[in-house]
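In what comes next, chain A is part of two complexes: it sits with chain B in the first one and with chain C in the second one.
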Partner chain A sequence: MGEPSRQQASGLLDRYQPGGAFDEAFDADGAVRGPYRRIVERFRELDIDEVKRLENLVADEFRRQGITFTVYSEEEGTERIWPMDLFPRIIAAAEWDELSRGLSQRVAAMNCFLADLYNGGGQAIADGVVPRWLVVSSQGFERNAVGIRVPHSAHCNIAGIDVVRAADGRYRVLEDNLRSPSGISYVIENRAAMAKACSWLFYDHPVEPTEQYGRMLRSTLESMAPDGRDSPHIVVLTPGIFNSAYFEHAFLARSMGVELVEGRDLVVDDHAVYSRTIEGLVKVDVIYRRIDDDFLDPVAFRPDSTLGVPGLLGALRAGTVTVCNALGNGVVDDKGVYPYVPELIRYYLDEEPIIDNVPTYMMWDPDQRADALARLGELVAKPVGESGGYGVLIGPHATEQELDEARATIEADPRSWIVQELVQLSTVPSLAGDCLEPRHLDLRPFVLTGERTQVFPGGLTRVAMRRGSLIVNSSQGGGSKDTWILAAEAS
Partner chain B sequence: MILARHAESLLWAGRYLERAENTSRCLNYAANSITHLRTGEATAEGEMLVRTLGLQDELEAVGPLESQPQLIAFLLSDTDNPGSVVSAVVAVRENLRTVRDRIPIELWEEANGLFLRFPFLGHANAAAAGLHEVLLMVRRACLAISGILNEGMRRDEGHAFAVLGRMLERSIFTVGLLEASHTGSRGVMDATRMLRLTSSLQAYHRQHGNAPDFDSVVRYLLHAVDLPRSVLTCLDRAEECLTGLATTAVALDRPRRKAALLRARLELGEIEEAMVAAPVPTLQDFLAQFLELASDVHTGIVPPLAMATVRSQYIRPGAAPGGGAR
Partner chain C sequence: MRLGIAYRMYFRYSEPVTESQNEVRVRPLHDEHQQVLSYRLTSRPELQVLPLSDYWGTTVEHLGIRTPHTELELLAEATVETEPRPAPDEAVAAAMLIDPDFQIAHLEFLAPSHHVQWASGDAVERRAASAVAGESAVQGMVRAVVADVRGALAYRQGVTDIGVTLTEVLEGGAGVCQDFAHLATGMLRSAGIPARYVSGYLFAADETAPDAEDSDVVSVQTHAWIEAALPGWGWWALDPTNGGEVGERHVVIGRGRDYGDVPPVRGAFTGSGTAEVDAEVVIGRQDEPQLSPVDGPGPARAEVASPPAPNWRHQQSQQQQ
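Moving on, here comes the complex of A and B:
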């Protein structure tokens, strides 16, 4: 059977017209790309009513299971379903192989930097790879973390690296998330919901499974036990049921078979952490925390924190417990440090980066600032300390007044901003009204590091729900897709 | 090994699950049996139900109930009434939510599913229009949750706490019903009501015939070993849970002994003997001991510096902090 083309398609894909961005499913000539051949055929057999019925089925499943997240700015309730588009994002094995090698490389270099910074005397700084002033002025730099030993020097045990595919078809890293990256539960639940609602879509697609994440995460955390202790007592530390990612915290604890604790369930005695059980206090070895540094220990950090554990920092210093991810990883999440990561790869690993950064201008450099601000209308400005898409200014979508205000803000505090070239995120067919239209998307793969590094096959594909929008964040109205990594023979 | 907070959440989830079911049954009775009564009788029946459920203080806060729809709204959808069906459903869901990592997924889904039908539940007028459907839905969901709890959950400490919570709440309801019923005429109607409100009418008929006698029903609800809602059955199961838990959680040995003592008093006929001379004070004292038992269980779970948990402020004045809730 010949390769179907867009022109031959009917129904849902009849009017599909990729724009100027790289389209994941169709090439520039309108031919279906290899990995998408069968799925495009399947969607051609569907009518809109059937697709909407399946979408409702999936939404009901999410609602019933309480697979929700919270948008804090909304007054209505606290829980919202994150819409999932049925057309999957598919990545061929060879492409994934290269991507995962690049991700491992990047996380390895960032772990080296964190180990160097907090336990190695800061050789990279001394050698001028990263400016000292930039590191110490980072909100994510944590002086209290200096000297705290971390098993295997693995400071970042769970990393979520946001990658995008640019118009040239190459992947680039957009952001690094080394504190508490969320989203893995949606990856697994998306797959489960897809399998329930439309298992026939998977026929002839040897897709890498996702249900092994709990085992991978548990083995990673077990390897982080202090002194290599066998069968360590692991807990997941959550801020509680009102946190936006509570569903994920419960999901992770359940899939690992460990307790989900809140700060009030833990107590520190004689520099060791214990959980309060009905049988008394039970020693804790590894804490997978989903709480920011500032809230971890009210004695050392924010005294008003009711989420943390008083005395936890002392226990960390005594080496009786490991907190994952380690304290102080936020320095690498700082978008001001992001432009230096390729150089860190060269410095620590003596390798060329496999995945490039998006071209980025550092606003604290007067020359780069002048050039970037002059053509801000073509670029994207990002505050270095924000995440979730908050505070981002997309030049081509901004008014002159907004651009002027942004220029003034950046001039007043250049350390707090970076400016990047606008990447036309790749697109993929997504349901819009009664047909499939191109929508921009990104990908957050997850990299686990303990005694060894593992890249979880797939990741969270986030998709903009509005035509032309480049904002994919759930908090900004984005949706998600199931991500299929094809096994080698199918690619 | 279970976190104290999780134990507390499961205990309360069990209690609120039972409460949702009990209140639904009371509402069903109110809808079926009160409608044809004269105003004065209907009011007395309504007050009796409120007393059975231990909601006199909550009712006082909203003022006297002047009509059957008011009674139904108070017991079904009044979110200010922590004993209403809606409040109990919310509390079941919130308590299970805090332990969703350790309970079967289906259990959480069923509780969440019931909660999601809330907009309908919470609307008093809509509920009154289709009250039977709403009550049927709630009772079926409660039975489904019970079924998953019994058939789908590992027999660990968490399971024991959930069952213990149900048994405590059920005993308190049954003893409260006996006490409230003794303030009435003690006729056939009172006897039948007691059986209806404990879903025991059919069982009683098969065993004792279809002309229920008040004293015989009281004995039945206190002693029947084959009746899931008799006080003796509940005590047996509560004691069984506590015995298992106390092997590792030593602080639960005190409530275990108290449960054993209550069961002994019941089995040896001490309660009935005392009821001959002064039934209401005896049942009031019996009820107080159950509330004390519930309070002791709570104290046994949670260290003296109590950790807050998700539940309504459904604690009787004078009850021990965090415990003795009805």
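Moving on, here comes the complex of A and C:
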């Protein structure tokens, strides 16, 4: 795709009015922020017909590649073409550097906590950092994980940490995903589609490439082989074609050059896992599993599960195979544990958190509960065990009746809820009708940990499609953007 | 009391099956009131056994066969020296149950668990509330619940299975030791008393009347009872199936929130055949126990119905039958 002919400024951005939120591209005076200088210039040279033409090219590309996502909220799962907005989200080198350090720090502390809980006797509990009752009442606390050896104590090998930028311009962590965070395939496909449809947009931007993710993931998983085994045999374990993220599972297996398997393709013999191949049984060293804990082994967990591998828990206990992520990470995904993460950073690393949490009220604390429920109309209530925006009540958008119902639900089961300050997510120009308008967005960067920790330079930027909406989840009508991390330039 | 225990589990399949994987929890626990003098688990065909301690401190042994087979026999043999377990002598005031530190320390044994479910205002909770009404000491509350369970249930084999709920057990009015223990556990928890489930062996020909006769060798099943936590004292063991104390005739395998944490055998296999499970515990005083022949008609034999859909099958046995 060549660069389009320069024409009269079309006015795509002429009426752009950032609202009260922090805008990624324009400062409060309407001046373009540094990292967006060139892209704003380029969009000022485009007219709406050209933008629509490029959008169609991108959509065609996604359609051709079969890049879709599934919406479950409707009667039955519906496949939709993956929505991507053309105006990229850009993060400058210095800002990304600090964000990466904050993410590495956070994942390191959470890994320490998991290692402590499952293999270290629970020092953080003994020292009163996290209450024991909170851990043992967590749905994600997996008693079967106790004592399973984890190489490098790296329990979370692939983390997706959702961060948002608040009105003060600072990043905050909204949610930790340490089980099977998805979305990385969309990050890579967004870039591929952008590069194909409008490569000229990248001109003069030192954008960090994304296609190396497969290599990064592979080297992370290789480092997780039991006993430091060389050239380990890695497989990606998927629940199968009906899973909403099956596309991603296949994508990751392909980009690493490893087998994609289902539970029935694996078998346990003498406490080791083997893959059934045309050459016979081949020993498996590392399983990148995208199946929930409860479904991994029907002997030890849910007997009705046909997705897993009978005897896998025995193999894990024998230490002949590693599953990534490790069993039991859900205890840290539990939003009841989230408020303690800054304290875990201080406790294990003796450092101050680089990225703060969103201010959070623990509903099991009677004082915090009373205060938060009194002003629930301006806050956000979240069930501790859900992710992806399910079950979330946004106070300002709720009716009095919904608020009263939520108060009663929380009073009846305070352990299952947290309440947070509403974060006015930052905005970025996004195509709406015939021009660019501010739309709220978040970011899910990915942190890989094996023998060492690496933050993948990029992440999934999700954007709300409607003006003022704070809902960015693709399952609930959100879109996405290509995320550009700019490499440090020699000045 | 020195007891010799032999627990034989025998699986026979109508068609050859493959990929049988099992977790076995049958090794007696070694603690201050119970010494394990010897133990071994063997199998036919001979398999590699992987023993580990689980979260609850119970020994779990993993073993499996990948190749086609029509029978699998496991034999656990143990010699155990037991002594009486202490019972509380001074009354513990019921008011101590609401101490927050006590409750938090025992949270896992106060909350509902997979096999021990009740809801506010249901039959389990109402029964417990009326049983403990008027009791000022925790001991009295625990005894009242155990007595109430014995009043609510008749001992009868074959009327319940592993998936039964407490409400269903109450409605049916009958069950085996596992049901007695689950119901007592649920009632105690709903009344604010931490309670846990104990899996083990009982040296008695009749588990509903352990002191009725004193034979040298008995042929029975695994047994289950409960422990209730008394504030400031510790765990007090009682046997709801017979209403009695837990003493030298009881041998602990493990403790957990319910049966699901300490099943003697849990497994899965692949194949289209039906499985016949034959399990028997032979316990004798001091001397080596004698096993009844493998093919003889065992006292407990269950046809395991073919479950639908999954391509592997599950094998687990109730604590009794």
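As a convention for this text, the second predicted complex is superposed on the first by the 475 of 491 C-alpha atoms of A that agree within 3 Å, B and C clash if a C-alpha of one lies under 4 Å from a C-alpha of the other, contacts with A are read in each partner's own complex, and residues count from 1 in each chain.
The rule we apply is simple: contacts are C-beta pairs under 8 Å (C-beta built on N, C-alpha and C of every residue); 3 or more make two chains touch, one makes a residue touch a chain.
What you see is a predicted model, and the numbers here were worked out from it, not measured in a lab.
Return first, second, both or neither, reflecting whether A:147 touches chain B, chain C, both chains, or no partner chain.
The second partner, chain C, only.
Could you tell me if A:254 is touching chain B, chain C, both of them or neither one (first, second, both, neither)?
A:254 sits against chain B, while chain C stays out of touch.
In the superposed arrangement, which partner chain does A:265 touch: chain B (first), chain C (second), both, or neither?
The answer is first: A:265 touches chain B but not chain C.
Just checking: does A:64 make contact with chain B only, chain C only, both, or neither of them? Give me first, second, both or neither.
In the superposed model, A:64 contacts chain B only, not chain C.
Which partner does A:132 reach: the first (chain B), the second (chain C), both, or neither?
second
Quick one: is A:311 in contact with chain B, with chain C, with both, or with neither? Answer first, second, both or neither.
second
In the overlay, answer first, second, both or neither for which of chain B and chain C A:278 touches.
first
Please write out, lowest number first, the residues of chain A touched by both chain B and chain C across the two complexes.
Shared contact residues on chain A (touching chain B in one complex, chain C in the other): 264.
Tell me, which parts of chain C touch chain A in their complex?
Touching chain A from chain C are residues 19, 21-23, 48, 50, 52-56, 62, 64, 66, 104-105, 107-108, 111, 261, 266-270, 309-312, 314.
Provide the residue numbers of chain A that touch chain B in the complex, in ascending order.
Residues in contact with chain B: 63-66, 236, 241, 246, 249-251, 253-254, 259-262, 264-265, 275-279, 282.
Across the complex, what residues on chain B touch chain A?
Within the complex, chain B touches chain A at residues 1-7, 94, 97-98, 100-102, 105, 108-109, 112-113, 116, 157, 245, 248-249, 251-252, 300-301, 303, 307, 310.
Where on chain A does chain C make contact in their complex?
For chain A paired with chain C, touching residues are 131-133, 136-137, 143-144, 146-147, 264, 267-271, 298-300, 303-304, 306, 310-311, 313-314, 317-318.
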